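Both complexes below contain chain A, partnered by chain B and then by chain C.
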Partner chain A sequence: MDWIAVGLKEDVPPGFVIPSRIADTELAVWCSPSGTYHAWSDRCPHRGMRLSHGFVRGETLACIYHGWQYNEAGSCHYIPAHPKLTPPDTICVPTYRCIEAGGVIWVSLTETDTPLPALGGRRTVRSLPVSMSAPDLAAHFGAAGFTTIAVVSDHDVLLAVQPCTDGECMIHALAAPDADRSAVSHWLEDLRATLERVPA
Partner chain B sequence: MILYDYVLSASCYKVRLMAALLGTPLTLRAVNFHPGREHKSPEMLALNPKGTLPILTDGDTVLTDSADILRHLTADHPEWRSTDDDRWLAFASALNASLGLARLHDVIGYDADIDKARAAGVAALRTLEAHLTEQRFDGLIFLTGSKPTIADIACFPNIALAPDGGVSLDPYPSVRLWMRAIRSLPGFIEMPGIHRLHELAHPV
Partner chain C sequence: MNAAIDNHWYPVAMISGIDAPRETLLLGKKISLGRDGGACWVKDATGTELPTVERFGHLWTSPGQPNRDLFTIPEADSPGRRLVDVGSVKVKCSPLRAVENFLDIAHFPFVHTDILGAEPHTEVDRYDVKIREEVDEVWATKVKFYQPQAAKSAAGGITTEYMYRVPAPTCSVLYKTCPPRPGEWDIITLFVQPLTDEWCEVWPWMALYDDDSTMSEMVSFQQLIFMQDRSILENQLPRKLPLDPGMEVPTQADMTSVAYRRWLKKIGYTYGAQLVAA
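Let's look at the complex of A and B:
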C-alpha cells in the first residue's frame, strides 16, 4: 500500500496523541516531545484499551487504563503496578511506518520503497471529513489513486485522501504557499458540499 | 447561590464548570432527574414552571436558562465576556436538540429520531470546526479570541460529550485542540464522560 496522509503536523503538536485510521486499521498517532511522529495499532496489548485515549509522557506513550508505558519502538518499558519489573520483550504494540514531511503525517501500513508523495512546495491548510469513500472521491476527479489528487483551482489545491470507512474519508488539503487559507477553507467547504450531493 | 443540579446534565455541568473556573462557590442541590423525574415534582415546578434543569437561585433571583446563568455568574468578570458571545450561546443552546438529544437517547433512553439528531450534530460539529480552524489561522484558539469566554464554556459540554450520543469527534482536529485548551484551564473540573488531562495531573 502507498503512503497515506493521516493528519497535519500543526494539528498534532509534540506531546499529543490522536485517534486515526486507515480503512479497518485503527491507529494511535502521536508526537514525542522531541518532535518524532509515530503511528501504532490503537490497542494496548494489556487490556485492549485504545492507546489514543492515553497520554504522552517523556518519549513514551502511556495507556490511560493502567499506565503501561511504551517507548518509541512500541515496546513496553514500564508497568506502574510492578515498578521493579523489566517488562518482557513480547509486550509490544504493532507499529507502522510514519514520517512527517511537508507538514503532513504520512503512514504506510507495510514496508515500502515508494517515495513520499511530492507536494510541489504547497503548504498545508486543513483536514476535513467527507461522507464518501476514498475511491469514489478519486473517481470524481478522474484520478487513478487517492494518495494525492491535484485539483485544478484558483488555489492550486492538492488533496491527500485518507480512507476511513465505506462511506467516509478525510481529505488533508494543501494549497499554494501564498494562498489565503481562509479562502481555501471556504473553497473546501463548497467542494465537500458538491461532492456529497453526488449520487452514490 | 444554589444550583439545582443533575450530575449527568451537560447544561448543569456548564454552570459547575463556569463557577469552578471563576472560583465562585456554589451550593449544589442534587435533583433526581433520572429515573426519579424530580425536576417535574410540584416543588421544582413551583421554582421553575418549565420543569427543566439547571436552576440557579441567588437571593430572590431565579434563573432557569443556562446562558442566562453564565451571564449572571460573570456579571463582574468582564474578562469572561466578549461582544461575540451571544451567537455562540445560541449555537450552544441549539446543541441540546442535536448532540445533546442523541446523548440522552443513548444514555437514558430519551425518545428521539436518533438519525436526525446525529445528522444535526455532525452539521453543528462541521460549523464549529470551520470556525475554530479560521480562528487558528489568526493564531486564536478560543471561539471569540485568544481567551476563553462564556461562549466556550456554553459550547464545551455537549461537544465533548458527543461520543456518548454515537457521534465521533475523531475527524475534527481544531475542535480537539479547542477542547484540550479548555481542559487545560486552571480550575477545570470533570464530569462523567469528560476527564481532566491526565498528563497535567502528574507532570514528569
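Let's look at the complex of A and C:
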C-alpha cells in the first residue's frame, strides 16, 4: 500500500497523541517532545486499552490505564506496578512507517520503497471528514488513486485522502503557499456539500 | 439455554427505584419487572414469572434454575453500617471487563489520580490469590496500596488493605480498610447486569462505616470513581474479555485477573468472553 496521510503536523504538536485510522487499522499517532512522529496500533498489549487515550512522557508513549511506557521502537520499557522489573522484549506494540513531510503526517502500513508524494511546495490548510469512500472520491475527480489528488482550482488545491470506513474518508487539504486559508476552507466545505449529494 | 450461564442470579434493579413496571435486558433477552404491593416480580418475554431475590438493596433474578442461593455478605449486617445504593451506570463493554477492572488496583494512580492512587506510589506488592474450591469463589487477600483519598471518610493518604471476592461471574465484593475504624472493613460491591455480551448495567452498592458524610456525598464519590472507570471500559479492544492467554499480557500485579479468567473458563462462563484469539 502507498503512503497515506493520517493527520496534519499542526494538529499533533510535540507531546500529543491522537486516534487515527487507515481503513480497518486503528492507529495511535503521536509526536515525541523532540518532534519525531510515530504511528502505532491503537491497542496496549496489556489489557487492550486504546493507546490514543494515553500520554506522552519523555520520548515514550504511556497507556492511560496502567501507565505502561513504550519507547520509540514500540517496546515496553517500564511497568509502574513493577518499577524494578525489566519488561521482556515480547511486550511490544505493532508499529508502522511514519514520516512527517510538508506538514503532513504520512503512514505506510507495509514496508515500502515508494517515495513520499510530491506536494509541489503547497502548504497544509485543514482536514475535513467527508461521507464518501476514498476510492469514490478519487473516481469523482477521475484520479488514478486517492493518495493525493490535484484539483484544478483557483487555489491550486491538493487533496491527500485517508480511507476511514466504507462510506467515510478524511481529506487533508493543501493549497498554494499564497492562498487565502479562509477562502480555501470555504471552498472545501462547498466541495464536501457537493460530494455528499452525489448518489452512491 | 446454557445452564452454566443461565443458572446464576443477576441484579436487574435497585429496589428503591422500582415504581412503574418497566422493561430491561438480561443476557440479550427482554424481561419486565415491577412491584405489586410489597413484592417485586420479574417476567420473561413470554410473561412467565422468573424467580426473584431481594437482597443488598437490589432485585435479583435468574433466567434459569439457580442451584444455590444468591451469595451473602454477613459482614454487611453488622450494626452501624450505612447501606448505600449508588445507582446505575450503563457501560458499553462486556460485563466481564467491568468486573475485571473492579479487581484491578494497578490502574489507580492513572485512572483515579490523586484519589485512589498517585505517582510515584505505583508499585503493587505480591498478594495472595486463590480459587476457593469449597465455595467456588475467587479470593484475593493481603492486597495493599497507598491511597491519597481512600474513601470520602479518609482525612489524608493511607496505605489501604483490600480483599477481593468474586462470588458470582458478574459480581464482586471488595473488603477495604475503613479509614475511621481501623480493624473493620468497608464493603464496596460491584453488581453487574449483563444487558448483552457487550453492554452492561453496573449497580455498585456499599456498606460503610461513615458517620460524617451525607448519603449524596458517598454516592457522588463512588459515581465519580466509576465514571473514571467507564472512560477505560468503553475503549478496550476487543469489547469482550479474552479468556485464552496470548491476546493480553498479564504481570504479577494481574494475579486476580488471571485467576478470574481461569475460573470463568473452568465453570464454563462464556457470556461476554472471547475464546479464540482474533
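Just so it is clear, the second predicted complex is superposed on the first by the 200 of 200 C-alpha atoms of A that agree within 3 Å, B and C clash if a C-alpha of one lies under 4 Å from a C-alpha of the other, contacts with A are read in each partner's own complex, and residues count from 1 in each chain.
Just so it is clear, contacts are C-beta pairs under 8 Å (C-beta built on N, C-alpha and C of every residue); 3 or more make two chains touch, one makes a residue touch a chain.
From a predicted model like this one, the values you see are computed outputs, not experimental measurements.
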Examine A:Val56 and indicate which partner it touches, taking first as chain B and second as chain C; both and neither are also allowed. first
Does chain B (first) or chain C (second) touch A:Met170, or do both, or does neither? first
Applying the touch criterion given at the start, work out whether A:Gly15 contacts chain B, chain C, both or neither, answering first, second, both or neither. first
Quick check on the superposed pair: does A:Ile64 touch chain B, chain C, both, or neither? Answer first, second, both or neither. both
Which of chain B and chain C A:Glu189 touches, first, second, both or neither: first
Which partner does A:Gly142 contact after superposing on A: first (chain B), second (chain C), both, neither? neither
Applying the document's definition of touch, where does A:Pro115 land relative to chain B and chain C: first, second, both, or neither? neither
Considering each complex separately, which residues of chain A are in contact with chain B in the first and with chain C in the second? 64
In the complex, chain A touches chain C at residues 26, 42-43, 45-50, 53, 64-67, 79-83, 85, 90-91
In their complex, what parts of chain B are in touch with chain A? 126, 129-130, 133-134, 136-137, 170-174, 176-177, 180, 197-199, 204
For chain C, which residues are in contact with chain A within the complex? 106-107, 109-111, 119, 122-124, 231-232, 235-238, 242, 247-253
For the chain A and chain B complex, residues of the former touching the latter: 7-8, 10-12, 15-16, 18-21, 55-58, 64, 126-129, 164, 168, 170, 181-182, 185, 189
